[in-house]
Structures are given as structure tokens and as C-alpha cells.
Amino acid sequence: MPKIAYIDDIDKWKSEFSFYTPIKVRFSETDMFGHVNNVSPFIYFEEARIEFLKAAGLFDSSNIGDGMPIVADLQCDYHKQMFFNDNLKLYVKVNYVGNTSLDVHYMALNDREELCLTGRGRMVYINPQTGKPVSIGESMKEILAAL
Amino acid sequence: MPKIAYIDDIDKWKSEFSFYTPIKVRFSETDMFGHVNNVSPFIYFEEARIEFLKAAGLFDSSNIGDGMPIVADLQCDYHKQMFFNDNLKLYVKVNYVGNTSLDVHYMALNDREELCLTGRGRMVYINPQTGKPVSIGESMKEILAAL
Amino acid sequence: MPKIAYIDDIDKWKSEFSFYTPIKVRFSETDMFGHVNNVSPFIYFEEARIEFLKAAGLFDSSNIGDGMPIVADLQCDYHKQMFFNDNLKLYVKVNYVGNTSLDVHYMALNDREELCLTGRGRMVYINPQTGKPVSIGESMKEILAAL
Amino acid sequence: MPKIAYIDDIDKWKSEFSFYTPIKVRFSETDMFGHVNNVSPFIYFEEARIEFLKAAGLFDSSNIGDGMPIVADLQCDYHKQMFFNDNLKLYVKVNYVGNTSLDVHYMALNDREELCLTGRGRMVYINPQTGKPVSIGESMKEILAAL
């Protein structure tokens, strides 16, 4: 595997995931090269991120104070082609909690537990009125620390 | 061509279109069968319908009174496969204006002017508060009649 | 409910479905109107159609002789808005088996068993080399009749 | 603007782009948050990358020898929300040419020339039979150097 900036030790990195959401590849998510289109992993990251936040009770606004999360950046490394009919496990973990943002990591395994995708992205909590970052809050930090 | 319920005379039907919007097939809109996915024509119909309404001055709410348009049904007949790199002309016409709804027809030609898609769908104007159909209004009917 | 050409008696029509596939609405399948985009039902029909054919053993080429199925037309009636987080049941049935084609019907219910979508579309079996329709074959007709 | 690993000097970085492809945001590419969905920029990067390769004569296999390009990774930083009706300029440049891979950079400006997206991704040339990386070749390097 090539060196990836956001992964120090791949075995340790993989072992730190526990939450995942199953993803079924849709036919329309393939392309004329016969495999899953390069865009589709970001659909899966979005699905998994939302399921993760819901599982943590952080998707409902009541738990997240004044802030609303926006995606600041996203990245994906493609390790293995995926195909129609693949049933993926899309793992999510919070790598780092800052004052106003989270660094979220992603990993996709196929039916044979092969590593297909790794990725990460930062979410920033902003005030929807001002657009300015807001503090995540201690209760949310506690929830995230306990995950 | 098979008999299509919404087309009486194909030559006459084709000749009644004048408005079109160019559509460039996106790579992600193909699928593993090597052609444009069967879902994608509905993306193109939506694009063309909106461009048509904008050209008619009917996309801005100021011209359409109290009503907001919703799609009641859509249908598409696939006449010829489309491929990545195809530049389509997506034609739109209003086939019929009722009291609270429009019947909109669609036709896609490829670079070689071959008929790839025909389709239609009904749009209903509703009151966003009540969800009930509302009358389209005379000024809008006049605009549509003049198209 | 408005009169729909492919449904005579809605209660009878609904009762004839038994196969369904669960569909989870993806966030990216919503649009700026706050609900599921009008294009997305055709993604769901495709998913359900493929699952149905797989369940019938008709997705693998070995069972379908020389022919390969293509979609000749598709249509959808929108009865009720769908939203992110909706878990849909997408029902599929074969309404009619012809010599070279199938008429497939679709129905989507939401979590509250409300009718959200009805639809249909014709699949034609063609010879991939010649592009001409081919007979469906007795063994496949028997499988379909037994569903 | 936050510090981005792949940009040293933002003004210099921006000035090095010249090729762009126009991108019209499709309605179906928005989401229920009212703006362009976070997945859609990767659709636009793909479009722009392909147009760039076509303009360079590197999309046809005849110019690229034995290798076929695959996407090894992709990343995107979201600087400004994009909306339906936005006409984007999606700029592409080759940042670096290695022996078997390219580092491609992306930038999206909206109608008001505001920076909406920056991004990058590596493409690797592989032998489709073996899956192994292959050398890009001098003629292709010359074409890329001259862009």
C-alpha cells in the first residue's frame, strides 16, 4: 500500500474502527469501465457519516447546541476496485476532536474483508446565521470521547 | 418505432418542438453496460424542463401566482442507446395546458439527429401551504400559448 | 388518486405484489426542495428490478438463453413525497409476459405503508449481436408464471 | 483560507491554471440543504479531468501507449457553497509528472470568480492485463510539459 498522509500504522488504524454501516452498491453507481464510479465512494462516506452521527445522537440539533456541521474537506484513496453487487462495510471513526471541528476517518471493506477505500474529512461546526465556526461544546465532546 | 400512447403522428409530433437545451452526458451518468444509465434521461428531462420554464419566465415565482409546480408523473421511451461524449439536444414542449396542470413532452436527439428518447410528464400547480391544486392563471396560460 | 392507465383496480393491483426489496433513501438522492429528487425513483426501480430478477434466477445469463434484457420504457407516478431517512419497500411484479418482452410493475410504500410511487416499464429481450428481439423461452416463462 | 497541504502560495497556485471546462450545476446535484451536494464536486472533477485529457490528446488510447489511467486518490476542499444555476469554471492542471503517475490539481470558480473548490488527485497508468503501473512514456511527458 502506498504511504498515506493520514495513516501512520495501517494495522493500528484499522483496529480503531468499530462503527460501520452496510452499503449496497447501486447499479447506477457503476460506470462504463465496469466498476463502481470514482464519485460513488463519496456517496458512501456521506451515508456512513450521517449514520454515525445518528448513532451518536449528534444528528439531531438538540444535542449539538448552536452549531451545524458542514464538510470542510474530503479525501479518498482507492485501494481496490468495487463492483455492482458488492456489499460493503463502511467504517467511520472520529480521529480527532478540536474546538470547532472534527476529523472523521473512513474505511470500506468488501465481502471478502479486503480494503477497498480509506478516507478522511474535516467537519466544522458553524453558526448558520453568521457562518462563523462555533465551539463544539463539552457534552458533545464527551459523547464523542465515549464512542 | 413501437406505438407510443402519447404520440399520434411521430413526424407531426417532432415538428412541434422548437425549444431545446444542450445536454452533455457526464461520465458518471454511464453504467457498467457501457452506455448511459437508464436513470439518466430523467436527469436530462429535469434540466430541460427547468430551462424551458426559465426561458418562458415561469420559473420565478413572481410570474406563477400562488402556485408552485410539482411533478405528478414522468415517462420515457428509450429508442436508441446514448453514450459518453454524446451531445444531446433535449427538446421540450407543452402539449396541453389544463386548469391546474401542464402536460410536458420531451425528445432527445443525438449528434447525428437520431431520436434517442421520447417522453412526457404532467406538472401540477399546487398551493405549497395546503398541497391542493391551484388554477394556473390567465397570464401564465397566455405565456404558454405564445411559446 | 388520479386515474392511472396501467392500474384498473388499485386494491387488486396492490394485492398482487409479494416481492419487495428494501430501499434506504441516500442523502445525495434528495434535492434543494427538501425531499427525494424526482429522478431518484428510477434508481429505486432499477435496484428492485435487478433484485427481482436475481431472486427469480433470471439475472444470470445461463437461465435466459440467448437474450439480454433491455429497458424499452419506464414510467412513474408520484403519489406522496419521500424524504431522507425514509425506508421504502419497493415492490415488483411481472404484469404480463409476451413473446419477447415483459411488462414489469412497481410500487413503493414508506414506513407508514403509505403509497408513494407506482410505476411500470417494459423489458425486451434482445440478441446482443443483432439488437433484434428474441423469444423469452418456455423455461423462463415458467419461472415467471410461478412467481 | 485554511492552510491546505497541496497549496503553498494560493495566488501563484491559481495563476498556474489555464485550461478549464464550464460546468452547469444540475438540479439533481443539489441536496436538501439547498446547495450543491458534497458529492457533486467529484462529478465535476471527473468531467474536467476527462476534458483536459481529451484536449491534450491523451484520452485516446493511441497516444498513451500500453497504460490506462486509473484514479489512485482524490481530495476536495470546500471553500464556498455552490447553488443550482451556478455556472462554474472547473480548472485543471498537471502539478507533477512522475514515472508512472500524474498529480492533477483542480479549482472551481463561480460566476463571480469566487473560489468555491480546490482539489487534487493522483492518476496512475497501469497495464490493464497485469494491473501493474507502467511508465508514462516520453511522448506523453512531452505533451504534458507543453500544456
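Chains here go by letter, A, B, C and D, matching the order in which they are written, and residues are numbered from 1 within each.
Assume contacts are C-beta pairs under 8 Å (C-beta built on N, C-alpha and C of every residue); 3 or more make two chains touch, one makes a residue touch a chain.
Please read these numbers as outputs of a predicted model, since none were measured by experiment.
More C-beta pairs touch across one of A-D and A-B than the other; that pair is A-D. With centres computed as the average of Cα coordinates, no chain lies farther from subunit A than B.
Between the CA-based centres of subunit A and subunit D the separation comes to 22 Å, rounded to the whole angstrom. Note on chain placement: the centre of subunit A and the centre of subunit C lie 32 Å apart, centres being C-alpha means. Centres computed as Cα averages put subunit A at a distance of 37 Å from subunit B.
For subunit D, the set of residues that touch two or more other chains comprises 27-28, 37, 39, 43, 46. Residues of subunit A touching subunit C in their complex: 26-28, 43, 46-47, 50. Subunit C contributes residues 2, 5, 37-39, 42-43, 46, 70-78 to its touches with subunit B in the complex.
Contact residues of subunit C toward subunit D in the complex are 27-28, 30-35, 37, 39, 83-84.
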